[in-house]
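Let me begin by handing over the structure; questions about it come next.
Going by the order they are written in, the chains are A, B and C; count residues from 1 in each one.
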Amino acid sequence: MQRIYMDNNATTIVDPEVFLAMEPFFVRMYGNPNSLHSFGSEVKPSMAMAMEQLYQGINASDDDDIVVNSCATEGNNTVIMGIYFHSILGGDKNHIITTQVEHPAVTETCRFLEKLGVEVTYLPVNEEGVIHSDDVKNAITDRTALVSVMWANNETGMIFPVKQIAYACKNRGVLFHTDAVQAIGKLPVNVQEVPVDYLTFSAHKFHGPKGVGGLFIREGAPMVPLLHGGEHMGGLRSGTINVAGLVGMGKAMELAVGNLDYELSEVLRLRNKLEDAIAAIPDVLVVGKRIHRTPNTTLASVRGVEGEALIWDLNRQGIAASTGSACASESLEANPVMAAIGADKDLAHTGVRFSLSRFTTEEEIDHVIEIFPRVVERLRDISSTYAA
Amino acid sequence: MQRIYMDNNATTIVDPEVFLAMEPFFVRMYGNPNSLHSFGSEVKPSMAMAMEQLYQGINASDDDDIVVNSCATEGNNTVIMGIYFHSILGGDKNHIITTQVEHPAVTETCRFLEKLGVEVTYLPVNEEGVIHSDDVKNAITDRTALVSVMWANNETGMIFPVKQIAYACKNRGVLFHTDAVQAIGKLPVNVQEVPVDYLTFSAHKFHGPKGVGGLFIREGAPMVPLLHGGEHMGGLRSGTINVAGLVGMGKAMELAVGNLDYELSEVLRLRNKLEDAIAAIPDVLVVGKRIHRTPNTTLASVRGVEGEALIWDLNRQGIAASTGSACASESLEANPVMAAIGADKDLAHTGVRFSLSRFTTEEEIDHVIEIFPRVVERLRDISSTYAA
Amino acid sequence: EYSQEVNRRMAEPEHRGDITEVQALKMGGKLIVADYGAESCGDAVRLFWVVDPATDRILDCKFKSFGCGTAIASSDIMAELCIGKTVDEAIKITNIDVEYALRDNPDTPAVPPQKMHCSVMAYDVIKRAASIYKNVDESTLEDEVIVCECARVSLGTIEEVIRLN
């Protein structure tokens, strides 16, 4: 059976070019870059090139830092715990602002800090699943240490007004972090235009390998490392550097940014074609205006059909989609974004997310368009809560 | 020029078998194991097998946890910071015991905690570079939360009395962590025989890939995650799982443990052969008794010859060795172990470490035995502090 | 991780559908319709029984479900287990029986552990149908402590799972 992968917000295929770039660094060029001998020094040019690709990818300046780490979860934890140690435990701040629809790597870290006495504001989102920059402005107090708002949401694809939020924070002298995991390769990400202090990303979300990520730190922004140890990464992140991972992430960044035009035109066109077909089914709600979303994502709510059952049926037909969040699959809770936009409680468990990539073909889209309505029909026929 | 790699305590070649095991998980089987579709489920059997290989490798019981993370630096930080949050900030303890020769991932984390008011005892080592278990016993107070002592030292290869220390801790109800990075594949590591509470390792030290490691947590031992987020690893370590890395680490563990007999006989024999030749050079001191060391390591001090100069010269001859610690290469400090054993201040900067692996051949050893004395002679000839 | 039987029942649930008053009358039985769960909670099931008032025997059983694959497969096997039993016998069907019936071989669980809760509703809805038929309060049929409302796992169920494994 032909298999179709439409779960690219969860993880992506490693671009074969990326794999080719990484391959030499396992069995052949395995040195530790910190070593003084040729096995150590021979890996450095490729690492330098990868760093360059990362800096260019987000247009960072040479004076800024990009710390290579193990994933965006680590990056998000590093920023938030770092601010706790720097500005809260080690300063006079006591407040963090975030949203109700951040990734758990942000919200769970904030919940952990709440237990330690930190005040956290979780801004509610509107019916499209976003906040307004004024919400941030109004929530800032004299004791606010950090604002953390994602660039784009993983479940809906909704784009947040990070530029306005960044300026609002700057005006009030508050540090601003953005989780840009879902923005890299889907939107232009330029840290010169958007004055964030911290920005996090994960390679496996843009056709790089799993287990490697990056943390941008603007020059002058405070940083307390999460991983203490040897002097790797200028003392900002210890641990032997994952050379193959870094080289792969650099290449993946270059390709992601290089393919941005394609993403914003072709991937968008394919997504819209699919979305049109989905939206044509009765009693289906697509979350968020298209223009406000990343070009690859559609989150739809299919009344009367439980999300997991839909995923199961699609999977039987060879189509990989998701209920909205890979994390949700291990827990029993409703999709948090569906709950947060909360138009209708009955829809909280009816989400299905299609997330495309530059590897998605028109043929695949056509196949999904053919299969999807049949699956919905079958499940609505079984459903106890849907009467056609 | 033939190149000879004798810096296996810094990092190791990825075993080609390990690479073969990992390879499918980049471009072909790239699913997120948390996903509900076939791309997610198809990676699970290999992950389960890798977990099994890890459990068997250290003889963990099913009720214990092994958390897959990004490296031993992360593991060490997780244990120490976790104890800080659990037993110090969240309890009535205030004291940690460790040694002066731990890896920076332990000592720097402890120094960070000192700034937060935690008391840390850094036990000094004897002239062989180890501590006695009585030193730990005597240092334990009613407020001791954790003892962290490495299984074997990365610079000298010296083996610490972890079994006795583990029992001493157990008797006093104190939690015990061991950094077993340099023990895996070099010594039998059996958590049934040695009742540690926490044990950390890094795949790239035993012919696995860089950027993936493991943290053993005995059933019932408290754990506060360092990375909060989605419910990966049973809530103990968030972040999308590095599937290829985990599969590679599992295979590497299996091979490392499977080759232990070879390591303890053949690698030992080759190391001894090399060491005999090195020790035969006048005014060369080998640190620590052979019988107390891992089978692959020799740290020698060559009077009158600065360590980095020696490494440089060896490298020109195609031989990769180290001054003792890969981390040290970025800092200007003396080798901390040489300083800690401190027999003679003049020797602090004269260390050279050869660390072998199961890939080391007799031919390579013979070549080093031929080259090394010449290099020493040349540098002593230049040396301002050595008169033959 | 899922048994073939779960996959088969999800793909082709034989007992899905509804039963009308007219159909029940034709069979010579009384129609019982019981609902359990809610869409907003993530799972909902509706059970249809045709019960012979003379013998208390369940003549036919069908279901509809808003739930995941496991919930649908569980409901289907539950319906099958009900048919031919008396109402009192049906009450004794537990989610453990349901899960067992979904196994391909007796030693391998039919669903991963985190999906066990999805079979519990099949058991709860029987209780509700029986209470409607007998016109008694549900609590008289069930005196177990509910551990988790949404997942509907009772302490008794958990103990039973532990014992059976």
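In the analysis below, a contact is a pair of C-beta atoms (placed from the backbone, for glycine too) under 8 Å apart; a residue touches a chain by one contact, two chains touch by 3 or more.
This is a predicted model, so every value here is computed, not measured.
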| item | value |
| --- | --- |
| Fewest touching-chain hops separating chain B from chain C | 2 |
| Most central chain, Cα average position | A |
| Distance from the mean Cα position of chain C to that of chain B, given in whole angstrom | 54 |
| Chain A and chain B: spacing of chain centres that average the CA atoms, whole Å | 33 |
| Where chain A and chain C are represented by their mean Cα positions, the distance between them in whole Å | 40 |
| Interface hub residues of chain A, defined as touching at least two other chains | 308, 312, 330 |
| Multi-partner residues of chain C (at least 2 other chains) | none |
| Complex contacts: residues of chain A adjacent to chain C | 304-306, 308-309, 312-313, 316, 330, 332, 334, 345-346, 348-350, 381-386 |
| Sites on chain B touched by chain A in the complex | 3, 5, 7, 10-14, 16, 18-19, 22, 26-27, 30-32, 34-40, 69-74, 76-77, 89, 103-106, 108-109, 111-112, 116, 202, 204, 209-212, 226-231, 238-245, 308, 311-312, 314-315, 318-323, 326-327, 329-331 |
| Residue ranges of chain C in contact with chain A within the complex | 7, 10-11, 13, 16, 35, 39-46, 63-69, 71-72, 114, 117, 150-151 |
